[in-house]
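Presented sequentially are two complexes of chain A, the first with chain B as partner and the second with chain C.
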Partner chain A sequence: MNATEAALAEKELDEAARVAHEYRLAKNKRERRARLFKHIFLIFFSFIMLYPLLWLLASSLKPENEIFGSLGLWPSTFNWSNYSEGWEALPVSFTIFYRNSTIVTVLCVLGNLFSCSFAAYAFARLEFTGKRLFFGLMMMTLMIPYHVVLIPQYVMFLKLGWVDTYLPLIVPRFLASDGFFIFLMVQFFRQIPRELDEAAQIDGCSSFKIYWAVILPLSLPALATSAIFSMIWVWEDFLAPLIYLNDIQNYTVPLALRLFIAQEGESAFGQMFAMSVLSLVPVVIFFVAFQKLIVRGIATSGMK
Partner chain B sequence: MIAGLEEITDGTIAINGRVVNDLPASKRELSMVFQSYALYPHMTVRKNLAFGLQNLKMDRAEIERRVDEAARILQIEPLLHRKPRQLSGGQKQRVAIGRSIVREPQLFLFDEPLSNLDAELRVQMRVELASLYERLKTTMIYVTHDQVEAMTLATRIVVLRAGRIEQVGTPEELYTKPANLFVAGFIGSPKINMFDATVTGTGADRKLNLGDFGTYPLPPELAEGHERMTVCVRPEAIKLDSGSVQAEGRVRLVEYLGSETIVHVDLPSGTPLIFQTHQMEKHRVGEVVRVGYDPADQHLFDADGQRLMLGETLVA
Partner chain C sequence: MKNTKARNASGYMFLTPWLLGFFLLAIGPILVSLYLSFTRYDMVGDPRWTGFDNYIYMFTRDRRFWKTLEVTFHYVLFAVPLRLIMALSVAMLLDKGLRTIGLYRAIFYLPSLLGASIAIAILWRQLFSIDGVVNQVLAVVGIQGVGWITNPSTSIYTLIILAIWQFGAPMLIFLAGLRGIPRDLYEAADIDGTSRFRKFYAITLPMLAPVVFFNLVLQIIEAFKIFSPAFIISNGTGGPADSLLVYTVYLFNEAFKFFRMGYASALAWVLLLIIGLFTALAFATSKYWVHYENERD
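So, the complex of A and B:
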């Protein structure tokens, strides 16, 4: 290879490197643009999804006349007084409503966790006559809409003299009335290896002790899921409290919110939205606190 | 069933002379090691060991003593505060055994305890189990599919097939006097050689016809009956160029294991034969070899696969 050939070859190499470099630049640019479009697309639809919530948040801070006047989210002035005034705006303070809601929710969640896991343990682990039949019946209750049993249930609680107390809301939860949670837990318990039950049996555990000392501690994710859902459903429940609670002193938060909408005269929408925002706070806190348990998951590594 | 986890359909189960048919698992004074270990994942090793004793309402100091003692025997003291998920397979296995030791039972049940361990650890745990038995002298019932475990650990082996007992005996009995074809084929590695044979002639003149190995006289005890039988010969009883019964075959595969060599041979009829040799001579695939054995080393089985007793008795 003489000198000119070598120089030529080097030139060709440089040319190839340049083309490759340009190609890479173009590719990077294309990829960046694709990513940008993807993000714009996602942000746009997230905004549409979140709009009602943002609107609620914004409206809780807007002056009354501005709420329905514009679609815009940014308030002209930040009307924080909606919160402080809203809290005491009704004949009974929201402190009472929150107390009521808390009592009902805490008891309902506890009731659901205990009774449903108990029933689920029986379905998942114990042998008894008619087990399949009862399981089928339990599954059927999942399919019956609440509104079908509403009236017979009301009549029953009326006869028991429980109307205008919290008992109709709370007592059924202690009787494993929620088929959904039973089903959820049955599925979860079935995954727990049976050898653990057998080991516990040899270790001298009764069926109840196996449930209490082995199955329950291993079911934290299922219990957390059930706790979150039953907390959200009970806290936000409007229909059942509406039917069974008459005295405003007994009202739960969702019932109280409705009181802002006046039958006649002017409704205090700003205050209602402010209180609505506050009513979401416990749900969010509860969810954040318990979802860690779900994520952490079960450590079944006592097995192989 | 022995543990009381399943109902028995018939018969009685007695532990130390006490019939335990209707006793719950925890009252039978036995403990069990599961194939999957079945440690409680949410409890520390210490709690795993102590859990059964706490259920017995045992004195706290006594529980401490037994747990520490078991941890010392099994060398798991540094692990007592860990959870099962932080343990390796062998450590979990030790904890599972520890959980059964602390109860100081009348009987140990082992359900394939080593089958989830890797080969090296399995050998190590096997030795430890053997020394554990030497130390505790408590009866152990040990279920395994691994015949090495069975042969090395057992004082008595029960060979089961599909829930039926095939043979009961010491490891030596099972090896030297298998009661039927299943046991003969099951115990021993490499597997015993099996040849189909027919019987020709009558009375004292009866001869065994093995095809490849030709014909030779039957033992005098078998003067009648049994027109067809199976002849089994252990691989180590087959010798090169010797033995009173011989055949030629072509080497198909040579497995060199260091201390011994396993040679797979195809006999002219296509019947495979395996023999084992400790000699250092080299065998090559395709080579023709002459193999033979002495009828004294053979095991005879009738058409139903049952051992033909020739003046011997089986301890059952």
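So, the complex of A and C:
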């Protein structure tokens, strides 16, 4: 290869590099622009998604005559009295309703954690006759609509004299009635190395000790995810309290909110919205605080 | 063997709470409900055996039963596909070309988390009322809105829109599924100059089929069970003109308003069979469109 040829080849190479570089620049530019459009669209879409919630929040602060008739999200005057008056608007104060909801929620979450981790440990780690059969049955119960078991359960709890107490809401949770959490925990327990159990067994640990001192401490993410979801679901639960709680003194927050609808016209919309906002606050706080666990929990188990 | 015995003992010890729950709260009630479905039972006297009367009445004379089927199917047939299409579209939009999606993901998921609450149902009732937000937006573009909830021909769509708004959970599952598709498939397609649509049909959809299937089954079951929003939006009646009388609201009213426990049990069993049928249908057709990666062709 002589000098001219070499120079020519080099020139061609330079040319190729330049074209490639320009192409990359153009591509980058295109991609940047596409990204920008995407962001603009997503921001607009986010606003639409959030608008109903923002409208609820705004309406809870607006004076009564401003709620309907304006799309605006900024109240002309901030009517905080909607909150203070709404709190006392029903025959029983919301202090009672929040106390009731808190009692039910805390006990149900504890029940779910204990009973579901028990069952999950048996399914994930222990060998016993009939394990496959029971695991299959457990998965089948996930499909059963609550409405199918509702009537016999109601008759049973009525005969036990439990209607108008919190027992029909709480006791089932101590009997692992939420199979979803068993499933979630089984998935997690299975990932824990078996060597740990075996080592503990050689050291003479009982299966209970292994459950308590090896498996549970290593499963905090799964336990936390279950706790968060059961907290949110129990807090929002409407059907079971609607059926079992009669005395307004025993009402949970969702039942109390329903009273606003039942006496619509008499009560103020602003107050109803204010109490609605407050009922969502615990859920939103949990969501913001534990977003990562919630997102991962759904992605791995497919919970609603 | 002594060893097996000991193992069984500790296994069943841990399983005891669930076993109790399974027999007392699941399988027992299902069987009792099957028995009650063949009786007349008003909770005052004992259940009285009436054979197939409840079922015969349901299918031949109960107009409201057919109405509630119509309303429920209408809801399921619209809500499930639209929610899944929305979830997949948004998941695909978020999946590629963006570095930070955390905040969007959170915003789109939030309605799913709050959606079951009574507060949201109350809000929905107001958004779609005659002087509500939706009609004001329509008025801006010059359209005269109707009372979306008080009008029997539109009320079911307020529920369907509520369902679409809550596309967040299936979106998260789709996102996880999209992450699992090997990137080199798309790169290879890019080198061949494949169009976007072809990439979607030839790569994304087939690779995602198991996730689509999973979401579909879950959403069908979920949709048949819809209760609280329909109950609240119709103020417990299922009206106007039974247009919001979804299956569970009808069942609830038969059982706890009129105390026709036998008939309501029959309704419950029919619901169980419908859901079972749809799930079985999804599984039966799945072999034609769902292929798992580790499966041999």
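FYI, the second predicted complex is superposed on the first by the 243 of 304 C-alpha atoms of A that agree within 3 Å, B and C clash if a C-alpha of one lies under 4 Å from a C-alpha of the other, contacts with A are read in each partner's own complex, and residues count from 1 in each chain.
Following the convention adopted for this analysis, contacts are C-beta pairs under 8 Å (C-beta built on N, C-alpha and C of every residue); 3 or more make two chains touch, one makes a residue touch a chain.
Quantities reported herein were computed from a predicted structural model and do not represent experimental measurements.
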| item | value |
| --- | --- |
| Partner with the higher number of touched chain A residues, chain C or chain B | C |
| Which superposed partner A:152 touches (first chain B, second chain C, both, neither) | second |
| Touching partner for A:133 - first (chain B), second (chain C), both, neither | neither |
| Partner chain in contact with A:182 - chain B first, chain C second, else both or neither | second |
| First, second, both or neither for A:3, with chain B first and chain C second | neither |
| Chain B versus chain C as contact partner of A:198, first or second or both or neither | first |
| Partner chain in contact with A:209 - chain B first, chain C second, else both or neither | first |
| Shared chain A contacts, counted only where both chain B and chain C touch the same residue | 298-300, 302-304 |
| In the complex with chain A, residue positions of chain B that touch it | 3-5, 24-26, 30-32, 34-42, 48, 51-52, 55-56, 83-85, 89, 92, 99, 116 |
| Residue numbers on chain A that touch chain C, as the complex places them | 31, 34-35, 38-39, 41-42, 45-46, 49-50, 52-53, 55-56, 59, 68-71, 114-116, 118-119, 121-122, 126-129, 131, 134, 137-138, 141, 143-156, 158, 172, 174-177, 182, 206-208, 211, 232-233, 236, 238-239, 243, 254, 257-258, 260-262, 264, 269, 272-273, 276-277, 279-280, 283-284, 287, 291, 294-295, 298-300, 302-304 |
| Residues on chain C engaged by chain A in the complex (per definition of touch) | 4, 7-8, 10-22, 24-30, 32-33, 36, 43, 90, 93-94, 97-98, 102, 104-114, 116-120, 122-127, 129, 131-133, 136-137, 140, 165, 169, 172-173, 175-176, 214-215, 218, 221-222, 224-225, 227-228, 231-232, 235, 248, 251-252, 255-256, 261, 264-265, 268-269, 271-272, 275-276, 279 |
| Chain A residues touching chain B - in the complex, by the definition given at the top | 193, 195-196, 198-205, 209, 213-214, 217-218, 298-304 |
